[in-house]
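Lettered A, B, C and D in written order, each chain numbered from 1.
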Amino acid sequence: MAGNTIGTLFKVTTFGESHGEALGCIVDGVPPNMALCEEDLQIDLDRRRPNGSRYTTARREEDKVQILSGVFEGKTTGTSIGLLIKNSDQRSQDYDQIKDRFRPNHADYTYQHKYGIRDYRGGGRASARETAMRVAAGAIAKKYLKEQFGIKVNAFLSQMGSIKVAPQYTANLEKMDWQQVNNNPFFCPDEKAIPQFDELIRNLKKEGNSIGAKITVIAENVPVGLGEPVFDRLDADLAHALMSINAVKGVEIGDGFDVIEQTGTQHRDEITPQGFKSNHAGGILGGISSGQPIIAHIALKPTSSIAISGDTVDINNQAVEIVTKGRHDPCVGIRAVPIAEAMMAIVLLDHLLRFKAQCK
Amino acid sequence: MAGNTIGTLFKVTTFGESHGEALGCIVDGVPPNMALCEEDLQIDLDRRRPNGSRYTTARREEDKVQILSGVFEGKTTGTSIGLLIKNSDQRSQDYDQIKDRFRPNHADYTYQHKYGIRDYRGGGRASARETAMRVAAGAIAKKYLKEQFGIKVNAFLSQMGSIKVAPQYTANLEKMDWQQVNNNPFFCPDEKAIPQFDELIRNLKKEGNSIGAKITVIAENVPVGLGEPVFDRLDADLAHALMSINAVKGVEIGDGFDVIEQTGTQHRDEITPQGFKSNHAGGILGGISSGQPIIAHIALKPTSSIAISGDTVDINNQAVEIVTKGRHDPCVGIRAVPIAEAMMAIVLLDHLLRFKAQCK
Amino acid sequence: MAGNTIGTLFKVTTFGESHGEALGCIVDGVPPNMALCEEDLQIDLDRRRPNGSRYTTARREEDKVQILSGVFEGKTTGTSIGLLIKNSDQRSQDYDQIKDRFRPNHADYTYQHKYGIRDYRGGGRASARETAMRVAAGAIAKKYLKEQFGIKVNAFLSQMGSIKVAPQYTANLEKMDWQQVNNNPFFCPDEKAIPQFDELIRNLKKEGNSIGAKITVIAENVPVGLGEPVFDRLDADLAHALMSINAVKGVEIGDGFDVIEQTGTQHRDEITPQGFKSNHAGGILGGISSGQPIIAHIALKPTSSIAISGDTVDINNQAVEIVTKGRHDPCVGIRAVPIAEAMMAIVLLDHLLRFKAQCK
Amino acid sequence: MAGNTIGTLFKVTTFGESHGEALGCIVDGVPPNMALCEEDLQIDLDRRRPNGSRYTTARREEDKVQILSGVFEGKTTGTSIGLLIKNSDQRSQDYDQIKDRFRPNHADYTYQHKYGIRDYRGGGRASARETAMRVAAGAIAKKYLKEQFGIKVNAFLSQMGSIKVAPQYTANLEKMDWQQVNNNPFFCPDEKAIPQFDELIRNLKKEGNSIGAKITVIAENVPVGLGEPVFDRLDADLAHALMSINAVKGVEIGDGFDVIEQTGTQHRDEITPQGFKSNHAGGILGGISSGQPIIAHIALKPTSSIAISGDTVDINNQAVEIVTKGRHDPCVGIRAVPIAEAMMAIVLLDHLLRFKAQCK
């Protein structure tokens, strides 16, 4: 119980079900005197929002966020900030058929067994809709990081199915063209990959199937010193935050699983008076930021809700078949790009504040 | 600051530097009336300990653990348990040459910049020696999980460099021969892989280099219901705990990064009245245990301390070369097997207690 | 920063300023399958609400609470519960004159110096209006405690100024007539004291002054075993929760400050096979509930906002005089009765859940 | 479970039973580069220690503290500090007779019922001996507060039984002669009260009885801004920390329970350009330090262990009589003076670090 809070000094607590009255969030620990308005949050919420394009769900949500406290005359006051997004366009009737049966790969089975009750409408609390509040809270963190420290947090879709962004785009992340990333619905830096992604999604839609994806998240201008060993290491807290995103099954820092086959001489980032020669470490050494860009990768499983019939059981453990109707993204990875940015920003701000506490 | 505690109800706090007086740990939240003695902890400490074999460091440490509180007449009392391991065999003079220069891939650089001071002897707090206390605390968790719930946590070395354990050993983890895993210095279930690992380590020793590794951790008999969405999800907390282990750069739950190329029909674990048909999810759905085995994989970078000269800077940012002397494992992944078990056990017990709080 | 959360397993996080858009709260850790509706919370909110009587402020607030999540088809689901109360009847213009000057005894001075900015309207976040959400959250805790464990939490006004409730009413708290307490605007068990309280308040209103008060809080049917020494003792956590209520300057458990003059033989509650002979300890021994009623007393300072001119400084540290206008209770202690109940209930439920985690 | 940690950024975790192997503590969050040695801690430990005088217990403990980590070449490194005090002079046989019966006013009853087992020797974990580690950790906090911020934390015995320190000593706490306080075994600023305390203790010893006491704690030079409303208010956290001390039954901030009879005009501390005119608030407004001295009072119950026979039950709920033998202080309040200082210092440093995190 009580698992809906993240952070120590910058603390985010959320509530809300997919088809409930509203989603909400309390963002506690925002430093005072930062200019903040709803539009600052709306930008990222709109990036996460299903945009009516054929790539994502047809569900139309306004995701209009309200700031209810903690801001006075356009500035943060240092007190807790209450955020609210009212739910609209809820076609709950779509979900009547899953009331009594567990969709494979979904949280239906575990929520029912854990709590003995579940809000089955749209996945209830387990719906990715919950992540809207993460994006809103993350937008506050991103704004503070950028304005006060010049820290920029960005992410892009680096792979969908077997289609990868071309190596030249990922070889030097510091030269990434973020405008290009954000002007296409796939958050893709590689123009040539876009039509391939497009075709893959079309085909999956036709067959009613879904696909996994990989996202890369980068934070630039992070000062050396963030992270509190041995348990609240920066990498450990990032792994926690990123793995807490719906559908994420893997987290890498820097070279991640590639390190298995690396030798010590290949992996170590040698140092010169001008800086590190390479960044295999992903900007974190010993759990503390090194001053290099922080780089993380996450793997997202294919959307659970698919239109191809599968075997499952009902609430009485009787064998049944299930086809998930409703409006669903064939690839949840796409919309997870701003969510991944948000979670990294939340962790970085929390650690930045903890680091400031230590400084003279 | 204050990052040396993990857990909510089962709480582990540690201290100790590689070449300080002692390592210590406070294990808080151990349920009362469990039989416990030092030997229960020593078993796992001995598994982690450099054993004098040619595969690991030549340093000889007794790692003899003392229980200083919380146990009365052989049983836990419910109060906090103090653990202590005195350091011995400290050849601090080995480290004089790194006093003023930063070993690449090490935490020297970040500790110095974060704190403005560092205990450079043997890596100080950033040394893997710190993990001895994790293993001791984890042994308590493992004992309780096993005795009270039949939950068994085990790990094995699944890959070193490009050498992988043969697929038949990993295809059905529930049939793993753990006795075989634990009777060889590589924690390897595949007899044929052992001589290959052996040869790889010999060659690396010769050239003074090191190599990465992959470890697989499995928990069996975990009941459905552990995990507290949306942030204290079981997978998120496991990712945190496993990524907090020295040298870990990646964490996967279930199929991990393989999910990127999977379709929804491939990935979803269909359900029958007899149980799940497969376990791509790694035993966790929606952040909650499903009753299937929990499966995680971690990637460990090659040992940072190598005998091949590399470029770095000294404390005045002057270019220097460095060769790490001292006694070091060519593959830290080997000794990390019991550490990974410990961290998974710590997280599972914490969540088990949180789950019990919810139950009637 | 980030001080707006209380609790470990039953966790309450709040936001909201006196004259902002709304007050809100996230209640996390409510066990599933408890019947819950808005009316359950409204009962206590109405007890706290200024009721238009001459004893409390003339401000009319509906304090209508909405449940936005965590309840499905009338039952709690185990997920976080979002609560919202919209602010109405905000006469912010009343506060223009205090924009630039610090009301003595208020938080104006400290908020301004801490944050460099403050929402001065009605005291902003420091207003007692914030406590509405505590009462709402506490009502959930009270309901669960009562239904699942028969634990009843009640409070009454035991003193206002020098007027005390007659000794016969406080000698045996277990025989208190709670119906009598709740059917008068002073939460007073002593019918004869009511007209005296009434007269005191009338006189204070006339002169524009205010008065302190004492509240006694009792929890009955609390099982033995709640409290987690040595820091999360039940008495320590109660002291924290009760002292966190606006205007509270003192907290006592059991005999409280009277123990200073007691001898060991006077104070100790001897035990017989039928139970304790007395309850000087207030139901807590060694930080753990003893099975006897939990008894606490709190002292509340006189209302800070008074109509008698006083000396202060403005934001530029210039000497000015101030008279607080607006609608204010002459005795904040009265309305604090349901707040004190709420805080005790929140702590008890948190500890009850922690205790359950320990049990087999 | 897991109640042995206090603090957010400055975190203290303790272990140890009265008659176990050792007491220990992990102090996490000590800023780096502070000079620190064992003698710094020993000074306060010696103030707490039974000194062989007739005023306190005849038990002789060396209470020799060891620093096991976190300090390198005489300076703190920013990593967790492990502290250890070995127990000696344990006459456990003294306690055999209480093995099966519950001493009234003690924690015997509640520990046995909570955990189903208890280390009965000397009260086990519930013994005031546990507070030695608080004093050691508090000494670190005091040193940092004093050296870095000029904050001084001191306490004195203000009342024992009905004997109070004369008013002139408490009227202006900022002029207190701390040298006088610390050069007598009663921590008493009033020379005339000392022989009265002395006589009271002698008489109590003769009759085998005990007495309560009151301690006043003051922190000077505390900057404005410490405290994180609405729950982690400075007063609330002080109440928590002070109430967590063994035998404490009441906590007051500033005028405490006297506020009940005060009017608004009496209580409010008016402000002038030169500062506050008075300090009824005890240096805290709205949960945030005001820049005035922080003042708190605590009430300590009479020692539980007395030599006068009393009624109780044994572990089988059979009526028995009990006389507590062993070596016990007739007034636990005396030795609690340095403990109270320690707890206030721990809270202040924690909040100072949290405040620094907020600052630019």
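Please note the rule applied: contacts are C-beta pairs under 8 Å (C-beta built on N, C-alpha and C of every residue); 3 or more make two chains touch, one makes a residue touch a chain.
Owing to the predicted nature of the structure, the values given are computational and were not obtained by experimental measurement.
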Looking at CA centres, what chain is most distant from subunit B? C
Taking shared residue numbers divided by all residue numbers at the interface, is the value for subunit A and subunit D over half (same) or under half (different)? same
Which whole number of Å gives the spacing of the CA centres of subunit A and subunit C? 39
When the centre of a chain is set as the mean of its C-alpha atoms, what distance in Å lies between subunit A and subunit D? 46
Indicate the whole-number Å distance between the mean C-alpha point of subunit C and the mean C-alpha point of subunit D. 27
Two or more other chains in contact with one residue: find those residues in subunit C. 1-5, 8-9, 14, 31-32, 78-79, 114-115, 125, 229, 353-354, 357-358
Considering the complex alone, what residue numbers of subunit B touch subunit C? 8-9, 31-32, 78-79, 148, 229, 353-354, 356-359
Would you tell me which residues of subunit D are touching subunit C in their complex? 1-6, 14, 102, 104-107, 109-111, 113-115, 125-126, 130, 159-162, 204, 209-214, 224-225, 227-233, 235-244, 246, 248-273, 277, 280-282, 284-291, 299-304, 306, 308, 310-313, 317-319, 354-355, 357-358
Name, in rising order, each residue of subunit B that touches subunit D in their complex. 1-5, 7-11, 13-17, 20-24, 26, 28-33, 66-70, 72, 75-82, 84, 114-119, 124-125, 353
